[in-house]
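Presented sequentially are two complexes of chain A, the first with chain B as partner and the second with chain C.
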Partner chain A sequence: MKKYTSFFRLRFAMGLSYRAAAWAAVSTQFAWGVMEIAMFQAFYQAEPERFPMTLEAAVSYVWLQQAFLALFAAWMLEAEVFESIKDGNIAYEMCRPMKIYPMLFVRALAMRVSRAALRFGPVLLVASLLPGAYGLRAPQGIDRFCLFLGAMILGVLVTVAFGTLVYGITFFTISPEGLRLLVTSAMDFFNGAIIPLPFFPDEMRKVMEVLPFAAMQNVPLRVYSGDLAGAAAARAVILQLVWLAVLVAAGRIVMARAERKLTVQGG
Partner chain B sequence: MIMMNDICKSYHVAKRNAGFKEACRALFCREYETIKALDRVSFTIADGEMVGYIGPNGAGKSSTIKILSGILTPDGGACLVNGRTPWKERVDHVRDIGVVFGQRTQLWWDVPVIDSYDLLKDIYSISKETYKHNLEELTELLDLKELLKTPARQLSLGQRMRCEIGASLLHGPKLLFLDEPTIGLDAVSKLAVREFILRQNEEHGTTVILTTHDMQDIEALTRRIILIGKGRVLMDGSLEDIRRGGGNIDQTVARLYRDYDI
Partner chain C sequence: MRDGIFLYGHYVSVQIKSMMQYKKSFMLAVMGQFLTSFNTFLGMFFMFQRFSAVGGFTYSQVVLCFGIFLMAFTLAECVARGFDTFSSIVRKGEFDRVMVRPRGLVLQVLGSRFELSRIGRMLQAVVMFIYGMRTSGICWDMPRVMTVVFMVAGGAVLFFGIFLAGAALCFFTLESLEIVNIFTYGAREFGTYPVGVYGKHILRFCTFVVPYGLVQYYPLLFLLGKREEVWRMFAPLLAAVFVVPCYGLWRVGVRRYQSAGS
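Moving on, here comes the complex of A and B:
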């Protein structure tokens, strides 16, 4: 176990060393959040009765999404991992007395957490200071906040498990480009990164809510404001657990096959 | 003890002629060629031996090293390294081996070398005392003192290679596979690396398999040489066997390649 925690530590420390990137990200995320909220407000003012969330819920959704972007962003797959599969540097990782799946999992998790660690503070601070309808409200009740934290941890694990599965598949396709494009577009669309799921037409939403993508950021961001509560929230969290188990199992199977059939590229 | 028995490995390689027309044609009808990288390769290496594994480009040297390190599964044949089949018991197997791939890097790019080393300590579960002892020895022999604090990306090729070799030996492996370890090194570094490998063998009884195109490496380090070409073992003998024709070793080896038509 210690080897995996050390792996996490080093990857985490590495993530912390990119300070300039973090500042750039914080300002981008802040600007993006303001723009999105302005858009939602325009919709809300036009036709409040057809707005599927409360405005407050939509605003907190946006701010939390921006603050924790690094935890859930689809495109944050590690280029280094793809690169090392493509050029064969992964050979060294395979010469270690470690299982490949947990290693890649821990590495992806550390990267996301380290990036988020530098970013969420400033965004949340500014968002909570913003006046009126633009601001992020304090959490309502300790129960809901705990559920939010739990759902967020599960959401991150599901996101990482999905990413690790993608790494596994890359062992077979060699070139990551096509797969990465497909996966990131699908993820952004289906997990509520572009538009929160309640805004989709009912029929479509029902399908989308059972997909693994809905088990990522969708649940925690909606639980926080109470948009998802009670039995619906419980169902969503159980679905997160199910998808986590399924994705981890699938990832391990793919990786085990890759290990056996793999050709390390280059001489 | 390493035993390779009738190991075969072939790759499918998509091939086409040059040009745009050919590229379009390959969209619909792709021609694959099966390349036999290893064709019934057999040899046995005893503990504490130093073996030079030579052959022209594309002969199958790296494939052999990959199989011995457990990261490539052969199509057929048997291989036992210290009683284990590398690709079946990969995790247990790799604890005992050290590998240097001269063309790749195992150091973390953006952090000081010592961070990579510390991680290896935990990955291999090296005890504190052993780690301290090995690190001190390696630092002295490979002259790493100043390099350890530098991020890997700022090292020159030769400096990096010394760090790579150090990294592969931190856990005190009984077996050392070196795939072109002196590639790109200057004269001083080359001598240092050779000296170091010799000492590892003498003092720790480390078994070393070395692939290289540098015949001086072979002269300096190995008594036994296995020559491989087109995936087959062509000769398994001593340096003297190769030298028999007299003259400069590079010319002799080149003649050998021509004689065997590889």
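Moving on, here comes the complex of A and C:
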């Protein structure tokens, strides 16, 4: 266990060293958030009765999504890992006295957390200072905030577990680009990155809400504003736990298979 | 001039030939380009499953708007991708080589990248345009057809200018600035809806600072018959003037350039 925590610390420190990139990202995410909110507001003004959540909930969804983008973004699947699986360099990693599954898991987790750590502060600060409908409200009540934190941790773990499973599947393909493309766009669509899940038609939303993708950012971002509360929130968090267990188990099995019959291509 | 066009054609044909050596990865790139903007389309599509209009625009009108805007963007990106990846040219010191050749700098940088893979997105844009054209109930007369042509051409020139300005900034910073992405890829995302929808502050920005509105919102109102002033038809041509200060910035950058890389 200790080697994984120190590996985490190492990768985390590596991630923290990209300060300039983080500042640039903060301004981009801020502009993105403003535009997204302007769009939701336009729809809200047109037909407020058809808006599936309160405007305030939609605004906080957008700001939290932008602030914690690195935690959940689909494109954070590392090209470097795919590349090393493709060209065989992953074999060096496998020689290390660590198991491959937890190593890749920790690596992805450290990268997401370190990137988010540099970015979320300024975005949230400015968002909470904005006037009127654009501003981010403080969380209502300590218990809701705790639930939000818990759901967020679970959401990140589910995202990372899913990503690591995809790395595992990559071992069985020769060229990973196609898989990567499909997975990233499916993730963006189903996890509520394009539009939050409540905006989808009801029948579709019911299906989407039980998929593993809904156990990622969808839960914490909606719990924060109280859009998801009570029994529905409890069910969502339990589903997050279930998916986390399933994805980790599946990832370990796939990775173990891959390790057993790995042929290194290239020298 | 003719010589320049011939040379550019040659650059493009070389690029296409080399891409065709890796057909599978080319196809994947085409698919990837298609998927990213298709997701944007899906987001809009499902919003309209719920809402019937936004800012006075219906679904088919927004599809038409998105189709035209995406065509303009894709044309510009296809040609000006060399500017988009210009920071690597500067950092690797390749720009020194470009400068010693007896040809125009812009021409050479443009020739360094030609992204045929954008054809995936172009196809989507054309399909959306055709759908929007047939369902939004426009009576197509000569001025309307001209308006569409101007919108696509003016939009392409505008985005070309933004890519050029982004490249020019690389002379000062040596690395590409993520902030530029807001004006290119961000605009592509949010150009889905007519910019007037986003409220008057953003519309003002999109009129006087970076004139997206002039190639999209104002002429679109004329196209849809919501407004009748003729200047709206020519607004995209005014937006094309944006390329002048961008070129000026580029010239300043070139003069200031002191080589980088090894």
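The rule we apply is simple: the second predicted complex is superposed on the first by the 267 of 267 C-alpha atoms of A that agree within 3 Å, B and C clash if a C-alpha of one lies under 4 Å from a C-alpha of the other, contacts with A are read in each partner's own complex, and residues count from 1 in each chain.
Everything below uses one rule, namely that contacts are C-beta pairs under 8 Å (C-beta built on N, C-alpha and C of every residue); 3 or more make two chains touch, one makes a residue touch a chain.
For clarity, every value in this text was computed on a predicted model and none was experimentally measured.
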Chain C versus chain B on the shared chain A, clash or fit after superposition: fit
Chain B versus chain C as contact partner of A:Arg257, first or second or both or neither: neither
First, second, both or neither for A:Ser185, with chain B first and chain C second: second
Contacts of A:Ser17 with chain B and chain C, given as first, second, both or neither: first
First (chain B), second (chain C), both or neither touched by A:Lys206: neither
Least Cα gap, in Å, left between chain B and chain C after the two complexes are fitted on chain A: 8
Chain B and chain C contact sites that coincide on chain A, given as residue numbers: none
Chain C to chain A touching residues, read off their complex: 24-25, 28, 31-32, 35-36, 38-40, 42-43, 46-47, 49-55, 175, 177-179, 181-182, 186, 189-190, 193, 197-199, 202
Residue ranges of chain A in contact with chain B within the complex: 2-3, 5-7, 10, 13-14, 17, 80, 88-89, 91-92, 94-99, 259-264, 266-267
Residues of chain A that touch chain C when the two form their complex: 20-21, 24-25, 27-28, 31-32, 35, 38-39, 41-43, 46-47, 50, 52, 175, 177-178, 181-182, 185, 188-189, 194-195, 199-201
Touching residues (chain side chain B, partner chain A) in the complex: 11, 58, 61-62, 66, 69-73, 87, 90-92, 94-95, 97, 99, 101, 103-106, 108-111, 115-116, 118-119, 122-125
